[in-house]
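Down below are the structures I want you to see.
Each of the two complexes below includes chain A, the first together with chain B, the second together with chain C.
On to the complex of A and B.
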């Protein structure tokens, strides 16, 4: 039996609720949850995308170091762009988070950046979630202080704020004709954030969905 | 809800921030007296007035300086270290 090389920060909490599993990017992920409904995506659905590979880099020379690898970075603070297949998030002024959509070519090149006095690697072990559906805005209204209707996917906006007391990075990302919200938080807070958001989502008629439904929805 | 404006992240509830204390100039430990050093280490100025303080926006770990009227609890302006307006 092959043991997945990577473990989701939400693994323990998923174990009791998963109906089927799939291995993505060497991480055991939930393909579908027990009692999951496609209707969740019509209200508010929460998914776990922790399997995407990611790496951080920060420091005054971080932007130049990424540029030397051919990676495009956002021109302004608190914004994201895509560079090839990867999502590049600029967190504040001089910190960047790189997340691959599939494969690990970009993340591997960033994690292999040579040591420099003004470039610092930031290994990331985030719980990475996605909130989709028209009621996602209502979920944010109940759990965080930022008005997400002002956060534009077209502009590539992201915000660093707190949700239910947990420091998070939230990026509005286009998905077809809709906007979905990617949420990253420190992995140690992942289970609490997941459970709390699931409770709020269930009150709104939604709930957790597995990676199969997320892929079908284009998330 | 009390609000504070981070120079990078914008206006947020004060619950997203941590207070880092008043900015104070340390006396030269090589030349000051024990009494002066003890005063710096142990005593704080509690008199109300306009003070410069360290604040941190905790979700982004952004440290900045805010000038606050501690009598009226109003933040007058805020800036990143090294970029005072």
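On to the complex of A and C.
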């Protein structure tokens, strides 16, 4: 039997606007949007990184279970670190989200963790976005009640909050000399979040960008 | 009136003319002019009509409170003439007139005032007979402006801002506070509703040039400070817990989050009360000073100043400097406190009359101020002998102030009435809130600067958690407010509230009728309920009530200052709407199949799938037929999906659900319900045991978030060794149902679908099209079926696979409406449709699902009590007569027995499989026995007879779940 296709939670809304596609991690992703402008990255650009594989784990034994796989976890709550190429987010005290970089196998090892009484697997279906550009902070100011200027990429800060009424996890991550913001939300809210953020970004002179532009920008 | 020579800080640009229309006539103003100042400069003094009596009104405050100068500018309503800048091409008209502001046909109402006493509005509606008449009349005659329903929806984005210290008000004390806080290291936001900062420091001068220079210098330092952001034209409209402050400007609303707040909001100058104190030309002293210093407009040619404090004499000096002939200063005080300004006024030859008041103002031919009568006054009682008439076209009222303390009240400040100041001042401030300047009872210019520095430093210390040295404030001995600026007059028309045309006698009558509490008085008289929200009337109303009831102002107290304390455009409140919607991963598939979506909680679900040329009901019946005769699929991914794992998972679920979950066999499922502590049925679902310590279960679509939240809360109390994982979004699910469903699914799964290996109510795990799946054999719609749960990212792949596989069998999708009909045929209830907020399991025949002999579960104690009590109602199935063709009852239609309401219909459908209308209804137990006849009342009052029957209506033996059916 063939490997079943993964479908992005944003597939339906991308379908009408994509100019070109690319297959990433068994998921069809938008390489470039119709009418996409490089200028978006100079104001505020929104990209879809849902194709990255991810898995969660929570419970009192979660940190030890990840450590047993050689995965480094953040020492404090609401922070992120990298472990190998994977991004490890600590959501609160005892919950972790692991996201692979392309081609990484960390998620596979986490999802295959043996059953333990205090470790609970958390399958994920996230709409995973990235917000980049100097106007990203302004976009947050119109959509989120947290002051993102206080969220530091150098410290590895993340916040659990809401944007446009949707529960999200936001992490500030470095991208060259700049900071970009990764945003994860329940995939079933993904279309609404994407459309609303694009609408606000458009007011700010920005808009969506595909994975090609994101790659060029180092996001 | 005329323009004055150029002034140092005027707001107008003399090089730019602005042409506009008012009441059908062309006028020219200057860029930077307010509408009112431009009209006043052009000699127009009647700018609007009052709300109730349609009396001519002019400028009162020039401070955003002139509610009688509300204008219509095309589609824009209630434009405030006293502050809104005049723009090229504006076509303005006064609201609330019939035939224009000068020829208002309804002005005769002024003469009917004796027949329209306080409370008239309420009393008019006593009579049911006259109610419609009054309603029509009030609706026709009242209202401020004409709404154009074609006005486009303005998208005004909201925004968040953040700072350490928020300073409300950029007058002298606010600017000083901002500077002090910033110097201490705080990030400061300072806001002011005016177009320019500086406040009274730049217009209440009394010839004091040094004050103006100091204020300008302060403003420049604030504007240049890197730690300070100054927002002008921005109103701090409210204060909410945790230092949230909505800032409203011309474009949007910004939600400011501060660590500390300094209230430097100043004070509202208060009108004095005398007969005809509302004539165009009578205005507050500060309004005249704003006209002079901001707009370079001469307020009057000949003016009388009504005084009760030092500010009045500064007004007189400013008027003299503006070329106004000051006819007299009438000071309410017998022995005015000496001050430099008073000496200067006297030195310039102005007659100053101590112990004098304006007894009444007189209108000229156009209804505008032409003269006043001055007389001696003692405690509000005029001594008319010896009175004299003084011709004038302007009266400046400077008799006192009321603190702009609305936000302080909202923040929970405890205020006290200061007898010397005759003003409420902060007594106990909430943590993180500070006050300075006039709102804090400090009036002198230098003292306000010091008070601002004190408050700003303290706020920065609080925000930054640092100890900072305290700043001293010099003491004062001024008396800025007169305790009784009211002059009685037998012919009344001495207005207290200009919004609602309330006179002194209205308050006397209200108290006489028993409305002697400030909250009651407010509601009965409507004082403070107009657009100005009592900024110029509440304090006088409070004084009146105090005097009429023999209490002190402190004892009378103030009314609640609710947010927003100043009207905010609806477009700002509406703004860009954020209404989160959830979409199934299959949304696009549904849309491609013609789904007509309906809201289900936060979700959009297919109600049915439209087929060209077919009606909605035909489409639904086709979908039902397909389920009963072939195979069909519905997206049930919106159901809550939760997993509980751990050694004590069974114990946890035993406590949450009413059933014995611990007895559930591995690989089995069970329908279960949960209740709250009062025994009310709150949710339902199917629980599957996947392993000894792993349970996976569904909840209702709308209940998912609440159930997860409540379970998390409960386990934080119980601390059982188990974890709860919400998989609602991470997992998707479809229900494949119908006689041919096995044929569709079989070739694509490694799960043995035989009845023996996979019986009814079993759960199995395996793969479908290579996708890991959890499959439950359940029968909500009453057919052989599989509820398939898979990781959501594979959901479209699974859907496509099964739809393709089902093509030879005539597969199709079915929507929510078909599902509801199908489940009704089986007599299955839907929580929140067939139950309500009081329904307990015994009322809906779910005794079997409640195991009262368990050691504990949520709601057990209440259910034990309810079980011992007789039922008050019962959910029962019913049907209409065979062949019934009349109007059909609807959900929520009432059941009537002996002329009384006996119950209600909760569900009703025409069932193509039963061949009759069938439904569920709450009935009294004595009407719930099968075969009992009862009546349902339709919306139009007609009665329809129905008969109680047993359920299920369809396949009562559940033969469809059996191999040989």
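Methods note: the second predicted complex is superposed on the first by the 214 of 219 C-alpha atoms of A that agree within 3 Å, B and C clash if a C-alpha of one lies under 4 Å from a C-alpha of the other, contacts with A are read in each partner's own complex, and residues count from 1 in each chain.
Definition applied: contacts are C-beta pairs under 8 Å (C-beta built on N, C-alpha and C of every residue); 3 or more make two chains touch, one makes a residue touch a chain.
It should be emphasised that the depicted structure is a prediction, and the values quoted were computed from it without experimental measurement.
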Chain B or chain C, by number of chain A residues touched: C
Which of chain B and chain C A:200 touches, first, second, both or neither: second
First, second, both or neither for A:145, with chain B first and chain C second: both
Which superposed partner A:11 touches (first chain B, second chain C, both, neither): second
A:153 touches, of chain B and chain C: first, second, both or neither? neither
First (chain B), second (chain C), both or neither touched by A:32: neither
First, second, both or neither for A:161, with chain B first and chain C second: first
Contacts of A:120 with chain B and chain C, given as first, second, both or neither: second
Which superposed partner A:191 touches (first chain B, second chain C, both, neither): second
Residues of chain A that lie at the interface with chain B and also at the interface with chain C: 145
Contact footprint of chain A on chain C as seen in their complex: 157-162, 255, 257, 576, 578-585, 587-588, 591, 603, 637, 643, 645-647, 691, 693, 721, 723, 725, 727-732, 767, 769-771, 791-798
Chain A residues touching chain B - in the complex, by the definition given at the top: 77-78, 91-93, 145-146, 159-162, 167-169
For the chain A and chain C complex, residues of the former touching the latter: 1-9, 11-12, 15, 27, 58-59, 115, 117-118, 120-125, 140-145, 147, 149-150, 164-166, 186-192, 196, 199-200, 203
Residues of chain B touching chain A in the complex: 1, 8-9, 12-13, 15-16, 57-62
